[in-house]
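In what follows, subunit A forms one complex with subunit B and a second complex with subunit C.
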Partner chain A sequence: MKFGILVNEGPYTHQASDSAYEFAKAAIEKGHEIFRVFFYHDGVNNGTSLAVPPQDDRHIPNQWSELAKDHSVDLVLCVAAAQRRGMLDEDEAKRNGKTSHNVAEGFRISGLGQLIEAGIQADRMVVFGD
Partner chain B sequence: MDDGDQIVKKFMYMNRKTPYGTIYALESLEVVLIAAAFDQDVSLVFADDGVYQLMKDQSTEEIGMKNFSPTYSALGDYDIKKIYIEKESLDERGLSLDDLQDLKYEDEDDDWAEKDSIHLVSRDELAEVIDQQDVVFSF
Partner chain C sequence: MAMLHTVNKSPFEKNSLESCLRLAKAGSAVLLTEDGVVGAMKGTKHSKDVADAMANISFYVLGPDLKARGLSENNVAEGIKVVDYSGFVDLAAEHESVQAWL
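Let's look at the complex of A and B:
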């Protein structure tokens, strides 16, 4: 089956991102396809390259990056939500006159249309939120 | 247009939270407005505290936030004609439809007659509508 995933909460405060990650991993292990993971609301903060969690804790952004690398999962941060919250890739930083960027490897920034497209293309859309 | 645009699915946007206090309502509305460009079959639901999103005469000056409630009246222009309000959610909060904005759309198949977009449904009826959807986004 082809799954689309929506993550509506940021890392650590809520379990939504952990649950979405575990779901995606399990689905891939079972031979399913993850069409796209779309990060919205505070969910965009899962894509930060600047998180430094304690060493004995899971590294949520890195977990996602590794999933993207190992299984070519498309991780998309909503551009409008990301800009509000100070999540910028190199292009966006340049465009907005900012001196740094902070989108982790494996994530890309794009529009809300990508969420709707996931809803259209996927067999099932699964929402992880509060 | 890619192939995906020819598929028409039933999309439901479920609004369950107050308009202010958290950003969910505003960002949900942003999704709905973008999604309108995709020519899908769209329904909106306002349930739980989400019914407050449609309250008339909202004033946000004192909290320093933008009052985005006038945007809901434009939904009809985006071809969004199915707006479900859960009756129990209104009752539990001492509200009635009179407290909410009157949302309309113009029916192109009926000489652009103005019609009500709002459907007041019971919790059980809403469950049936949800069951008919292909995609449910809950905010």
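Let's look at the complex of A and C:
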């Protein structure tokens, strides 16, 4: 079965991102496909490449990146939510005259259409938020 | 096929469980997650609402979230099944759609 996941909250403030990650991992272990994880609102902060949590804590952005790498999961950050919060990939940084970019490996920036498409293509949409 | 409702807030904090129970149709299922697991405890002032709803709704609670909060499975009200993330995935797959009461 194809699952779509929507994450509406950032890392370390609410449990949403942790819950979504555990759900995605369990679904993959059971042989399901994660069609896409869409990060909306503060959820875009899960895609930062600049997080340096204490070593004895989980590294939430890295966990997502590894999931994307190991199981080719499509991780999409909402472009409007990302720009407001200073989350820029190389192209967006260039386009906006910024000197640096901070989107972690495995994540990409795109529009809300990707959420709609996930809703259409996936058999189930599961929402994690506060 | 019926709907799976997920509730992630304690009934002592928000009224999302109450709203969910008011609108959930007979034959659907409710999964209590995150702080929502408090709604699965027996002997609280919300226990009766849950017990009444059990007549036509099935209830589940996420075990890892109980454990994270130091809540014992022994205190989960009768009739509520404890599931892990794998069970959460099964419930999502078995039901026609998933509605999160955020």
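Everything below uses one rule, namely that the second predicted complex is superposed on the first by the 130 of 130 C-alpha atoms of A that agree within 3 Å, B and C clash if a C-alpha of one lies under 4 Å from a C-alpha of the other, contacts with A are read in each partner's own complex, and residues count from 1 in each chain.
Everything below uses one rule, namely that a residue touches a chain if its C-beta (ideal position, glycine included) is under 8 Å from a C-beta of that chain, and two chains touch if they have at least 3 such contacts.
Bear in mind the structure is a predicted one, so any value in this text is a computation, not a measurement.
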item: First, second, both or neither for A:I120, with subunit B first and subunit C second; value: first
item: Partner chain(s) touched by A:A51 [first = subunit B, second = subunit C, both, neither]; value: neither
item: Subunit B versus subunit C as contact partner of A:K30, first or second or both or neither; value: second
item: First (subunit B), second (subunit C), both or neither touched by A:A93; value: neither
item: Touched partner set for A:N8, first subunit B, second subunit C, both or neither; value: both
item: Contacts of A:E22 with subunit B and subunit C, given as first, second, both or neither; value: second
item: Partner chain(s) touched by A:G129 [first = subunit B, second = subunit C, both, neither]; value: both
item: Doubly contacted subunit A residues - partners subunit C and subunit B; value: 8, 125, 127, 129
item: Subunit A-touching residues of subunit C, taken from the complex the two chains share; value: 6, 8, 33-34, 64-65, 84-86, 88-90, 92-93, 97-98, 100, 102
item: Subunit A residues within the subunit C interface of the complex; value: 1, 3, 8, 15-16, 19, 22-23, 25-27, 29-30, 32, 123-130
item: Of all residues in subunit B, those that touch subunit A in their complex; value: 4-5, 7, 9, 11, 23-24, 27, 30-31, 34-35, 37-38, 40, 134-139
item: Residues of subunit A touching subunit B in the complex; value: 6, 8, 40-41, 80-81, 111-113, 115-117, 119-121, 125, 127, 129
